[in-house]
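Both of the next two complexes hold subunit A, though its partner changes from subunit B to subunit C.
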Partner chain A sequence: MQDLLRRYGIALTWLCIGLTFFWLVILVVLPNFTMLESSFRPYIAQSEIGGPLDFYSLGNYMKIFGNEVDFSFFGYDFKMPVRVKVFYLTIVYSALVTVITFVMSYPLAYYLAKIVSPKSLPTLFLLLFVPLWVSEILRSFAWWIILALKGPLNVILLWLGIIDTEIRWISGFSPVVVGLVYTYVLFMVFPLYNSMQSLDSNQIEAAEDLGSPWWRTHWRVILPHAKPGIASGAVMVFMLSAGSLLVPSLLGSTTSGWFTQTIQGIMMDGQDWNTGAAFAFMLLLVCTIFVSLMMRVFGVKLSDIAK
Partner chain B sequence: MGAGIELANVCCDFGKFRAVDHVNVKIRPGEFFSFLGPSGCGKTTILRMISGFIEPTEGVVRIDGQDMKGQRPNQRPTALIFQNLALFPLMPVWENISFGLEVRGVDKVKRRARAEELLALVDLHGAADKMVSQLSGGQKQRVAIARALAVEPSVMLLDEPLSALDLKLRQHMRAELRAIQKRTGVTFIYITHDQGEALAMSDRVGVMSQGKLQQVAAPRDIYNKPANGFVASFVGENNILSGKVKNASGGKADFVTPIGVFEARLVGDKNDQGLKLYVRPEHTLLSPKAKAKNSVPVTIGDVSFEGSFIVVSATSGKGTRLTAELRNDGSATVPAPGTLMHLSFDAANAAILPDTSVTGA
Partner chain C sequence: MNQNRNILFHLYMGLFLVYLLVPLLVMGGAAFNASKLPTIIPWRGWTDEWFVALWNDNRIWIAFRNTILVAIAVVLIAVPIGTAAAILINSISGRVRAILYGMMVAPILIPGVVIGISTLLFWNYFSIGSGLHLSVLGQVSYIASFVMLLVLARLQSFDAGLEEAALDLGATHAQVMRRILLPHLYPAIGAGAAISFFQSIENFNVTLFTRGGADTLTVYVFSKVRSGITPTINALALLLIIFTLGLAIWYEISRRRRERIERAREDEGRRAEAAVLTS
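After this line comes the complex of A and B, so read on.
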């Protein structure tokens, strides 16, 4: 603080502090707190706010239960509240998206970090970035066209003779998974690239020199080194997927409910912001718990990710 | 046991740049062989060709008589110690050492036992469970050696492994490396730009410059009988005089320089290009009176006291700078700057050498 004052003078110091305060408190803490507060209050008429009906309760949170539907889990059939089911499937498919993006990104990141010549690196990065110049809506919509019943994918597969009749791709969760993977794959590629790039190439050569086949070098040397990158990529992709509304809305079908769509329905269609806030917090909370759990399982510390 | 290595007419190009140029050398089984040269002379490229990370553009690399063409590093009986050691920082010491055995499917108990054995061999008891980052520079060095020895290579390749250590430790590790080599009988190929290291440790030294092998010989012959001007001036210090050969006969010749005519050994042919006279400072003598032969009057300039020896720089009448080195035997008289003395040397200790490699190896 003293150092800051001496270096920048009083005006600039207060500007720095003020902007940080504005960002942290006004843009982050306050809106979240307002939402948290309203999530405990009932959805009542404007005139009744402050009246005897306006008290804190967990009522909004309990609304996730009720409306039981059939659910089968590894062959076991049981009843489950429909919103819990949607919630559960959102987590499961977000995790699946994370795993798929990792499998796709690992070879690409390794190629970029260790194999490709530094000269062609800018071109490759540009090629990776170009799709980002198009808005997310258009990109998701493009996939909707590609996957359509009479769309290019079916036409090509028919022409190649791989399939006999068109496949209805847009059903269930697969188009949502495809769209999410496409949208968020770069959030996995770049942290992975960063962590791999910091690996001393001599270590890869040393492993090979000691007789290691390529897969063991990856398993014992490269993968452990890249773990923090994998973790931060996975956290980003998982959180973004679970929180995505656009992709499931555009590419989803009647059989693929995403929990964000539930929240959106309650907030926009039902105008019940209190319950919507409660559900949004539940999503945040469960995702955070899930992520910390996974980090514990894979032995990653939060400080590793911050690197 | 060590294997012999043969480089036959080996060349290596990087684009248009020829990093290694027709190198021919046979390294004997169990030999400690050093490639010595300035940075960029191609010595590391040679090492990488032997270990298999680079394929030669031309020529053949043979290990134990077998052509190594197409053999990947993990298929060759070599183990490389990297300049930065390249230890695995996320594994404890014993896993680092036994990584090569893990690859070969040795079970954990045996691996651990072997790692302990090797740690004892390199004098690093009780470090098995430490992480690499907890070790000092010299200890890391030992772990790298143990890791390489674990796969029982018949050839060890060392890429300036001592360059990151401080002077004391470096000198200690020299002796240590030499001892380990003798104990194991493995062929050691050592890459360095440090002539002290190469001369002190090696059975033979190959001096390189601009991709060419300039001379292969025992350390004392490299120093005392350099094959050409590059070797003479790269290894140790030299007074170098330009001039012309006169009266060459029986391996000796008179050499006419601007500051006088000197008799010296003639290495190579008197018609070789760029012949110069090389005299080492420690082979010169400073005396108040002129000697009968190979003597030149000089004015003493800077005198620098180095401890075990004294370096005297002197200027001859024509402005040619010469350096003399006097051994400090406790009674050596240090000439005062400005005095007139005579610098002389023995004909047997002076050599007339061609400029660069004409021997072609």
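After this line comes the complex of A and C, so read on.
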């Protein structure tokens, strides 16, 4: 602080502080605080605000219960409120997407970090970056075309004789998972690559020279070293998936509700901003819990994740 | 054994690239198909009618203009904020730094839906209604984090002694900032501006909740896909892909050229040093 004053003088120091203050307080902290505050207030007419009906309660949060539907869990059937089910399935399928992207990315990151010759690396990266520069909506739209009932996938599978009749791909959660994996897989590849790249290749060779089979080398040498990358990739993919609205809306059907869609319905169709705030806060809470969990499990700090 | 394994890896890399790129090709190809629905099979012959339809679509032009205006506004606000925040956090240490850093990184991890709703509710408190101005503020709140991270990384390689020297030689504070610190940060600031621009163009979640009635490209495409789909969207997609690809390649080429120049300069410096030492 003193340092800043001495180098740039009072005016510029205050400018830096002012801009940072504007960002963190006006754009981040206060809006989130407002959201939290209004999530406890009822949704009432403008004229009644401040009146006897305007008091804090958990009413908005309770709206997640109600409208019970059938739900089966490992063979057990029971009733469950529809929004709780959507909330729960959003978390489960986001976690599934995270796991799938990790399995897909691990060999690729290892290949990029340790096997491929450094000369072809820039070209490969440029190719990998192409989809990243294409916006999310177009990437899920591409899968919408591919998975359509009369789309290329069905036509090719029919032609190959693998299937006899067209399959309705767009139903249930599988197209959503396919879309999310495709859209976010690179957010797993790059952190993994970054963390593996810093591993000294001599360590791998040493392990091999000492007779370690390849799987043990990965388990004991490479995976532990890649921990910060795994944490960072998992956090990014999970957050983006759970928070995605585009992919589930585009590739989902009536049988696949996503929690963001619930929020959108409440905010836009229902115009009930207070309940919307409550549900948005729940989503934020889940994401916060997931980040803390990842940081705890992999023993990394926030600064490692942000790399 | 090792050779075989490498072949498998090469194969996997190839398959992965196919997996990434084929959907984009399918989407682009459908823009030229004379079929009423966006698909490549069955192929009903080449046509440019979707590009003509796109050209004649007025709403898309408005959406395009809005997108660009929002992106420029985001760059103009997020870049100074991110740079200032990086300079500030670089000059402090200890617990305060850790807390501030956490607060600065957190917006990246907040779901866009939450940012959109919280921004909407907060400004509504002051009777400022929804519209693209709120989209700008919502987007800045997390895009500034990217700029901050980029500039902070660049600051690590900054030699603070240069500023000392300038101050000793009588430079004013503004001169130190403008002539010494900022030029060193320009590459990071440039990269930050580019990333801010693209992040803003691609943004959907924040914009959807804050936009009011205005369209941006992503929101417009979204509403199109939900209602009546014609391959016009594919034509737009293809143009966008070509545009972003062009920018990406241009950025990559200029980055490599800069790197080459810098390396050449360093080599020159080393040779000069060596010459001085040996003479």
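To be clear about the criterion, the second predicted complex is superposed on the first by the 288 of 307 C-alpha atoms of A that agree within 3 Å, B and C clash if a C-alpha of one lies under 4 Å from a C-alpha of the other, contacts with A are read in each partner's own complex, and residues count from 1 in each chain.
Convention: a residue touches a chain if its C-beta (ideal position, glycine included) is under 8 Å from a C-beta of that chain, and two chains touch if they have at least 3 such contacts.
The structure displayed is predicted, hence computed values, not measured ones.
Chemist: After the alignment on subunit A, I want to confirm one thing: do subunit B and subunit C clash, or do they fit together?
Modeler: Once both complexes are aligned on subunit A, subunit B and subunit C fit side by side.
Chemist: Report for A:135: first if it touches subunit B alone, second if subunit C alone, otherwise both or neither.
Modeler: It touches subunit C, and subunit B stays clear.
Chemist: Is A:160 contacted by the first partner subunit B, the second partner subunit C, both or neither?
Modeler: The answer is neither, since A:160 touches no partner chain.
Chemist: Given the touch rule stated above, what does A:15 touch, subunit B (first), subunit C (second), both, or neither?
Modeler: After superposition on chain A, A:15 lies in contact with subunit C alone.
Chemist: Of subunit B and subunit C, which one touches more of subunit A's residues?
Modeler: Looking at subunit A, the partner in contact with more of its residues is C.
Chemist: So, A:205: does it touch subunit B (first), subunit C (second), both, or neither?
Modeler: Only subunit B; A:205 stays clear of subunit C.
Chemist: Identify the partner contact of A:127: answer first if only subunit B is touched, second if only subunit C is, both if each is, neither if none is.
Modeler: second
Chemist: I'd like to know which partner A:249 touches here: subunit B for first, subunit C for second, both or neither.
Modeler: So A:249 only meets subunit C here.
Chemist: When the two complexes are placed on top of each other via chain A, what is the minimal CA separation of subunit B and subunit C in Å?
Modeler: 7
Chemist: Where on subunit A do subunit B and subunit C both make contact?
Modeler: none
Chemist: Flag every residue of subunit A that touches subunit B in the complex, lowest number first.
Modeler: That would be residues 200, 202-203, 205-213, 216, 220-221, 224-225 of subunit A.
Chemist: In the complex of these two chains, what residues of subunit B are touching subunit A?
Modeler: Answer in residue numbers: 51-53, 72-75, 78-80, 82-84, 86-88, 90-91, 99-100, 102-104, 147-148, 150-151.
Chemist: For subunit A, which residues are in contact with subunit C within the complex?
Modeler: Listed in rising order, the residues of subunit A that touch subunit C are 1, 3-4, 6-9, 11-12, 15-20, 22-24, 27-32, 34-35, 38, 104, 107-108, 110-112, 115-116, 122, 124, 126-131, 133-139, 141-146, 148, 150-152, 155-156, 182, 186, 214, 235, 239, 242-243, 245-246, 249-250, 260, 263-264, 267, 273, 276-277, 280-281, 283-284, 287, 291, 302-303, 305-306.
Chemist: Over in the complex, which subunit C residues touch subunit A? Could you list them?
Modeler: So the residues of subunit C in touch with subunit A come to 5-6, 9-10, 12-13, 16-17, 19-21, 23-24, 26-27, 30, 37-42, 80-81, 84-85, 87-88, 91-92, 100-115, 117-125, 137-138, 140-141, 144, 149, 160, 163, 167, 172-174, 176-177, 198, 201-202, 204-205, 208-209, 218, 221-222, 225-226, 233-234, 237, 240-241, 244-245, 247-249, 252, 256.
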